[in-house]
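Each of the next two complexes has subunit A plus one more chain, namely subunit B in the first and subunit C in the second.
Right, the complex of A and B next:
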């Protein structure tokens, strides 16, 4: 039963990793920008939800506020930071350093406003009940799994069935051809940042409810997102989501065979294994030079 | 001629006056090395509140001829912060007496303080090896071994046979783990599961599942981080652990005791009776409540007492006409040994420990009650 319990914990953790990683993969896949500040979107969304809840706002209003903050942040970073840099030089490294700088700034601002410790939202959703003998499941498990599945399905349908979705998929392939068809790469880029940033919101809110969120959380979020993107196959939304889920499950199941302190390191062992034995990831395409 | 002599005397007095005045009126430098930022800032703030309250009382009583210049340094609760902070306090600020918290910080700072002959007093770290850290290092609180010994009779009384433990893999957590592991067989118990975690870990769902799987009668956790302690208690309860939860003095933190999931939490801590009529304790309790609008804590009391201790040592040296330095403070400490502090007489032993009692507390309705 311990195996099933840990598997359930892993699915809950992994579902949230999956959405966050899918957001990162969506942005990177469409724009080829290594958006390290994706972790900062996570932190801002979490703190916006906590602040709104502390002010007594209804949870739905708090969710909307958190979403608005994450989406606005993602789009503003694209508009005010990445685009000016790309106008002058499209160096991958310059954009990466700028993005990393944003993470540090956001962390400092959140620390200044809310303190360095973690903050949490108290909710009965985190209280487990015994589903089967020895198997305890909290309502938050169903929320995490349900929301992740629903959002991932919605985003997949959007990308496959709408013109904007097709445009996003085409953006990374050939921006010039997009312009020839009368589509705006700038608007599509903003859409990618808005949509990708919105995907961090469930993870941020449920993290604030289950384990608490802290200003420095963005670093771990980014490491998980990058690991999931590599394991899933660079640019593959489906791959990132599946890899995110897998990393969450591995992180929890590893304590069956190793000491608990190895739990956090397990994700990166999986990453190294993929880099060495399958560098193209789960759904990536092998590239030969 | 007279005019010339008067001029020379006047000129000499003018030149010498500032140094004479400085010598007579220079404030004593009191350093603090507490975590004022990061996950442990709650501890540092509480420690400093105790120091500042004591300084208020020392100044109001005009205990010393010279004032006290407080130099607070943020250790960030890390060994590196402790080493850097102590270097600054000893070599730049020239502090003769430094108040320290946290085991890792103390271990890093002690050799530097020892070399510079600075008296260091710990009121927060509980690692047993803090007892013999340096001839200049003193503890004013019970150490982990003393705390764990105090919880063992409770475990025996309640008939808990199977104990699970979660502990941080830092000097303090590992010390508590070792003490509990060796102490349980003596009361008919055993450690059925021990889970070491990184001091920064905040996800305990997998560990809670493991704890539940070993079917313990009670769970003991040891973490110096308030943030982590809150998450351990919350996530154990969230994940279906209904057994008794126990810890050591971390349970004193308001953020821990105020948590709804902490209902029934049992923890050890330094003996402290907030309703005592002993004048110094009464003054501390009243002063804390008036100034900070909250209930006092034993951590606050420890640093209040550690600051009063400095004032009593310096007062003794002033009376004897001796300068106040790390060396003379230590000599005075060894000469007097027993001091009247808040809560009663405290005697310091040769190995750096103090004769303070340990009590068992329980959280009920967000408040802390002494149970043994």
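Right, the complex of A and C next:
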């Protein structure tokens, strides 16, 4: 029963990882920007939700506010940081360092405003009920799984069925040709950043509602997103989501054999092994660097 | 006040060595490791264990720290040979996170969450060098020697081959350069040198704990190199001075409450990294990029 319990909590964590990682993979796939400040969007969305709830806003309004903050942040970073850099030098490391600088700034600002410790919103969603003897499931499990599945399906449909989605996929394949067809790569990259950043919101809010969110959470989110994208195959949305789910499950199941302190390290061992032995990931194309 | 300045100067020398070794990887070899903090820690723990169990001799500690770091640097060389760019950053990130877990959860090696305390004062060839002034001298001499070594290496054929590899790997390969060997050697040299810096750090602080060698430390070392100017000799030193003196200078600013200094410092160096990348990607000591 412990196994099923751990599997359940693994799926709950993994579903949220999957969405966050899919957002990262969406941005990377379309724009080829290694957006490590994705973790900062997560923290900002989480804190926006906490602050809005503290002000007594209705939860739906708080969710909207959090989404607005994440989307605006993602698009602003693209507009104010990545675009000027790409204008004069496209070295990926320059972009990476700039993005990392933003993560540090955001963490410092959030710390300054809300303190170092973690903050949480209390809801009735986290109250567990005994589903089977020895198996406790809180409603938040169904929320996490349902929201992730619904959003992921929606994004996949959007990418496959709409013109803008087609444009995003075209942007990742051949930006020059896209421009030749008269589509604006700028507008599409703004769309990728907006959409990708919006995908952190469920994870941020549910983290704030369950374990609580802290300023340093951005590092963890960034690491998980990178790990899931690499394991899933960089650029593949489906791969990132699946790998995110897998990482969440592995992280929880590892407790069966090792102490809990090692659970985070386990995901990084998975990441490391994948990079060394199968850098193209689960669904990626072969790496041509 | 004097003691404070001597302490600060010693830290500048130690981190100067660490930043110079980071520069060897980032600036000359084009290997963007995020695991440098971990190797700094490996050197520190090696020196600490040696000093606690056998002898506080500095040269032996350097030897132990450097050899352990070099041996473990193979873990970093492996992904460096296989992948590049984002993939390598991700791999080094994984290594860094795993190392921190080991630092915390292997008490017999690293003292676990309590760290290793009470490291005796260093001796050099039988002479006590643990007093602040003497240790500063030792650290400064080590810094000068490391910079000299890097300068000589980078002027020679090894350095030119490394830079060729950084700028155009396939071209360097076409000229008959052994790329896997070059990368392995570069990683070993960078990690060995930061191991030595770690050994100095262990003796200087006389207390090592896993918390000092986290991802933040790696990023800090990267920031020193990048803010100063990657691929230049003076760059890492300029960056080290700026980053270490900034919190000291902030202490004297009256309007900042002392508890918030860490946060303000963090914000400033994050902002410096981002703004420099936008306006001057070569760093302070680097060449400014011309407009195309």
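Following the convention adopted for this analysis, the second predicted complex is superposed on the first by the 286 of 289 C-alpha atoms of A that agree within 3 Å, B and C clash if a C-alpha of one lies under 4 Å from a C-alpha of the other, contacts with A are read in each partner's own complex, and residues count from 1 in each chain.
The rule we apply is simple: contacts are C-beta pairs under 8 Å (C-beta built on N, C-alpha and C of every residue); 3 or more make two chains touch, one makes a residue touch a chain.
None of these values were measured; they are calculated from a predicted model.
Novice: Under the stated touch criterion, which partner chain does A:163 make contact with: subunit B (first), subunit C (second), both, or neither?
Specialist: Neither subunit B nor subunit C is touched by A:163.
Novice: Touching A:214, do we find subunit B (first), subunit C (second), both, or neither?
Specialist: The answer is first: A:214 touches subunit B but not subunit C.
Novice: Should A:104 be classified as contacting the first partner (subunit B), the second (subunit C), both, or neither?
Specialist: second
Novice: What is the contact status of A:261 with respect to subunit B (first) and subunit C (second): first, second, both, or neither?
Specialist: It touches subunit B and subunit C both.
Novice: Classify the contacts of A:94 with the two partner chains as first (subunit B alone), second (subunit C alone), both, or neither.
Specialist: So A:94 only meets subunit C here.
Novice: Examine A:115 and indicate which partner it touches, taking first as subunit B and second as subunit C; both and neither are also allowed.
Specialist: After superposition on chain A, A:115 lies in contact with subunit B alone.
Novice: Between subunit C and subunit B, which one touches more residues of subunit A when both complexes sit on the common chain A?
Specialist: Higher number of touched subunit A residues: C.
Novice: Using the superposition described at the top, list the residues of subunit A that contact subunit B and also contact subunit C.
Specialist: 259, 261, 264
Novice: List the residues on subunit C that touch subunit A in their complex, please.
Specialist: Touching subunit A: residues 32, 78-79, 82-91, 93-95, 97-98, 101-102, 104-105, 215, 219, 222, 226, 260, 263-264, 266-267, 269-275, 277-278, 281, 289, 291-292 of subunit C.
Novice: Residues of subunit A touching subunit C in their complex?
Specialist: Residues of subunit A touching subunit C: 34, 81, 84-85, 88-89, 91-109, 111-112, 219, 223, 226-227, 230, 234, 259, 261-262, 264-265, 268-269, 271-272, 275-276, 279, 287, 289.
Novice: Under the touch definition given earlier, write down the residues of subunit A that touch subunit B in their complex.
Specialist: Residues in contact with subunit B: 1-2, 5-6, 9-10, 12-13, 115-118, 120, 122, 126-130, 134, 136, 138, 210-212, 214, 251-252, 255, 259-261, 263-264.
Novice: Given the complex with subunit A, which residues does subunit B contribute to the contact?
Specialist: Subunit B reaches subunit A through residues 37-39, 41-42, 169, 195-198, 201-207, 209-210, 212-213, 226-227, 230-231, 234-235, 237-240, 260.
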